[in-house]
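Look at the two complexes coming up: chain A is in both, with chain B in one and chain C in the other.
What follows is the complex of A and B.
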């Protein structure tokens, strides 16, 4: 009986293998002459070719197109209709009497975006690291409902940025839920989204709320990787909690915090959608970040000239900033790895 | 046996080929329309008309893509630039997209009908120097102007002002009502350069220099923008409305208006149907004549048009059908709009006295529209000027720059955009 089963199984395996065998033979027919021509050593490049083609099509080509847009002018989309303008758009972007005073710049919206982005990233990243660390430390303790709270803190990460923006808009609007609560308790309504100072504060808060769960997870993984015997030794030595935290936990968490810092910085510089939905970049331009500038200049001009060239030039500048941040991350993580290897 | 097999295969192949050929030969031609509507009030009637057309014309399949207004303003130009636009679209940037319009003159049944019915508006769509092309027709005409919450005026015991009242007088009246009844927003405007422009023309703004080229900032525009700036500083207008967005983004204060939190709202005739549906019996709303400045008492004309981006017989027939007196009249009557057709009897489908009064007021305002306002609306680059006004004024209002700096930036923006568009 069992022999019959095995035979049936083998039969089906052979039947299913037939198309694969054909396929492999077909590939072999193509690969064999190629290998003959270029040699075995160069064959890995052939196997990498499909990936390289995809990478080229969806990364290198768009990058090239972006560069080409940034050095051509006009409001046409097709290159045949665009005139070469050299560095005109870059000159526009950097034509400034005083970089700290956006009003003195030719392209003041760009510099407002830059200023707002720098302010946003400094506070958002700083507070993000602080709250992620705090939350991770608490969630690492044996508290009641720890699993539940871990899920709760991670949940906003799963939400779409548009949903995040809309939810918080309903809460923070002048006639929103929070103001209704404040008013019901005898307080005055706040302009959370329409006062320039409050709007930026609200944007930073919402962004931290939306992304903190992800960074908390990274820090939590770091906390759980710290050997418990170090804490036991510290406890036996009578080390205070604060000293344990600053001398054991924090130094050993540094690689994770570095990752959080770099990732949060990159993400912060790229922030657009949730803030755009939440405040529309307003009031005025007080929460308009650099990506919003690129979007409105190139694609949402509401009937003005769609300045693809200027938007492309600004995105090149943004790309260089992101590249620098990535290089810093690589440098720091490699230098840490080297240090560890030396130890 | 093999003979039969080959016979069967041959017969099957011939049948399939014939079916495919006939399917291709008799396939209906698709005509895609990109349409934005002011909610179901406009979308349902147009969909009904399209369904009726499709039912009566088996050789044409009209597909109505209902999109948000933002898609018309921001996505459509990019689609058109990429050569991927619809066959027909309902647009408001009438001159700005004219390089993409197709001339459907050879494809419509009676070109003279378009000239006779929509004559003054056809030039708004045409390129400079073109005097004969037919690209489409005005779907609805609009006139900008204010509404007041009449119930609040009555409750506060403040008299409504009549024709000839100035902007300053209306602001005083709105403030008087608001302070008596503790209404949070005395005056609210659509956040739009187009809305600002009628009053600016009333204050003497010219928008063009002697040679007809755009020249945005002059004493008239300064006077109106100064007024708007002051109203935001002294609480006549709430910073919460215009402050909730940035740049050139449009914002309408309908939510506050519907909740009776606004005494005076500056918008336009396209709101009539919406107010009739949304305000209902909650309060009496009244359209009032355009307030005056030293130069005029004018609103801005405008509207939206169905314009063709493809020229073929199917598009021509769809245009003929939708622009016919019967269909256009039914549509206008249902959506409670002002027709852009010069000879169109409309049976408005409403018993609402507020809507009827508003229709009369706005239709009556058309002959009083100032020539500068007409010229501005017809100008191909008017959006560039509208956008410069609203984005810079918005910045001044929230304190990012002084109003004087905003005026300088407005002119710079226009100059920069024109340079980018035309070179130089």
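What follows is the complex of A and C.
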């Protein structure tokens, strides 16, 4: 490993050094007089500036603009052509007789997305915690080829959502290899992607397949932080493995599992790309999630009317959900830190 | 015999001789091998499928290896015909080519004797196969469908975006780690705060900003919005905090400018962290989908991911091309992973982000 590191270092240095040094000298010609004028103490502002400009332009300003979009109507992008419409979009989104029944809502597509997302997140996150815990515990054991197995489980994390979607679509097609395998063993073909119930199941499975490695890594880091002398003591006392797991491993791992829970929920609520490529949100609207609603309404509406205002209003709703999740995360990590300090 | 078996058992589980086997040990190995099959199987199946002929891809049930049916040219027929091993009524077998299939019988011809045609029930014949690798699946999309251009676009976006990200993020991290200045905490909270605002909830307004810059359908519109990353600033700052301050003080004594301290001292010392961020950024940019999908609607500016999605939508029957291009899209990341796996996993483990 250290060999590779040195090689990469040399590679970076050799390839980038000449143009890099040239560029840096050039910038220094501008920076030096600036430093002379404003003084060393004010230089950090100059260093921060480019990053903050980017954050401002593409995060902070958009936050305000989003609100402005959500309260103006029309299908134009520029504000000069948009008229104020107040809470119209929000009323439209929330116009429902019964929130549990998407058909009773004016914007049923949005509420189907909400229901699908809730269903998707509950199962995806639950199964994700279970499988990443199981995988991490097994990968933490003394087994042959541990490094190999670890990279195997991690590998799909790096694949792009399009690649993940296409690979699994290819496998789950009606005439795909999975159905061929099932038929060869005497079963009947399944419509993995064209039956509403199965399409959701497949989506949840594919999403877990693609992201499990990431969460496994977090749990694994937690497992490795558990002091080994606890296990030695348990072994001395002749504690059974099951008891060791439930009385030592699991309680000490709780903070990491909480992180997994929150991170997976935050990401899960925003799921879009893999499912979009895998099922296209179909059949019908059975796998279309909230972000797909925003995308379709704002940018890819079939009626060619791009309803930016409605999309922005839906984004605000999603943003509030994410904010709540983040606050829970902050609260939990804070109470965790306090506990650490007490110890 | 028993001795060897227990020896093998020993090697497999690395147990001391006397220790008993717990059911979890067996389960672990079962799980791991199932895992290898589930995680790698799809990729291998993709690789094998991507070199099959179109006919081989549409075949059901599919063959595992790229075995395609042999086609022969027969005088008097325009298209090449598929070759079969046929059991005739008298029990002898011969090689015949299919002219037309009618229900459960097939009209066939002997390639050597084109005068004679046969009517054969389809369960009396078997396909003759040969191992063949169809590289055209890879070459055709590059030649006919502009995939070379999309590949170039993806590389452009990835390289330029990564360079911008590295420079501006390391500058911010340098300011936030080396200096004490008024407003530092506000700046830190600001940076970490942006972590809470993912792109999915500001799609419309960022599109608006990009439209105002006239960067719709331009690769710059894809590159710029994600260039400043809170993850990157955070990761680099944590690393730079560990650098010895004496070096910086010494350089100041020697009248080095602050910019020179940044690029001559702090940057070279931070290379391990910068490498992690570079790998992350390459991954993010290469795999990016939702944002390019919104910004890029003209096919000349498609990145590989967008092109692959559009291509799949247009040519649902051309799975051979789609699969080959999926392989092309996946390959660079697979290579990076093979060589730099350790960097990636330590990066994720130390930041909890990807």
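The rule we apply is simple: the second predicted complex is superposed on the first by the 289 of 343 C-alpha atoms of A that agree within 3 Å, B and C clash if a C-alpha of one lies under 4 Å from a C-alpha of the other, contacts with A are read in each partner's own complex, and residues count from 1 in each chain.
In the analysis below, a residue touches a chain if its C-beta (ideal position, glycine included) is under 8 Å from a C-beta of that chain, and two chains touch if they have at least 3 such contacts.
Bear in mind that the values here come from a model prediction, so they are computed numbers and not experimental data.
With both structures placed on the common chain, the touch criterion links A:77 to chain B and to chain C. The partner of chain A that touches more of its residues, comparing chain B with chain C, is C. In the superposition on chain A, contact of A:45 is made with chain C only, not with chain B. Residue contacts after overlaying the shared chain place A:251 against neither chain B nor chain C. By the touch criterion defined above, A:296 lies against chain B but remains apart from chain C after alignment on the C-alpha atoms of chain A. Judged by the touch definition given at the top, the superposed model places A:138 against chain C, while chain B stays out of reach.
By the document's definition of touching, neither partner reaches A:86: not chain B, not chain C.
Touch criterion not met for A:197: it reaches neither chain B nor chain C. Applying the stated contact rule after C-alpha superposition, one finds that A:170 touches chain C and leaves chain B untouched. Chain A residues in contact with chain B (one complex) as well as with chain C (other complex) are 77-78, 299.
Interface residues of chain A facing chain B in the complex, by the touch rule stated above, are 73-78, 83, 103, 106, 108-109, 112, 174, 191, 193-196, 279-288, 296, 299-307, 309-310. Within the complex, the chain C residues that touch chain A are 11-14, 22, 24-25, 28-29, 31-32, 35-36, 38-40, 42-43, 45-46, 49, 58, 60-62, 167-169, 171-172, 174-176, 178-179, 181, 184, 187, 190-191, 194, 196-198, 200-209, 211, 224-228, 233, 252, 257-260, 262-263, 268, 271-272, 275, 283, 286-290, 293-294, 305, 308-309, 312, 319, 322-323, 326, 329-330, 333-334, 336-337, 339-342, 344-345, 348-349, 352, 354. Interface residues of chain B, counted against chain A in their complex, comprise 70, 73-74, 77-78, 81-83, 93, 96, 239-240, 242-250, 383-384, 386-388, 394-395, 397-401, 405, 409, 412, 416-418, 420-421, 423. Interface residues of chain A, counted against chain C in their complex, comprise 1, 4-5, 8-9, 12-13, 24, 27-28, 31-32, 35, 40-45, 47-48, 50-52, 54-55, 57-66, 68-69, 77-78, 134-135, 138, 141-144, 149-163, 166-168, 170-171, 175-177, 180, 183-184, 209, 214, 217-218, 220-221, 241, 259, 263, 266, 270, 272-273, 277, 291, 294-295, 298-299, 308, 311-312, 315-316, 318-319, 322-323, 326.
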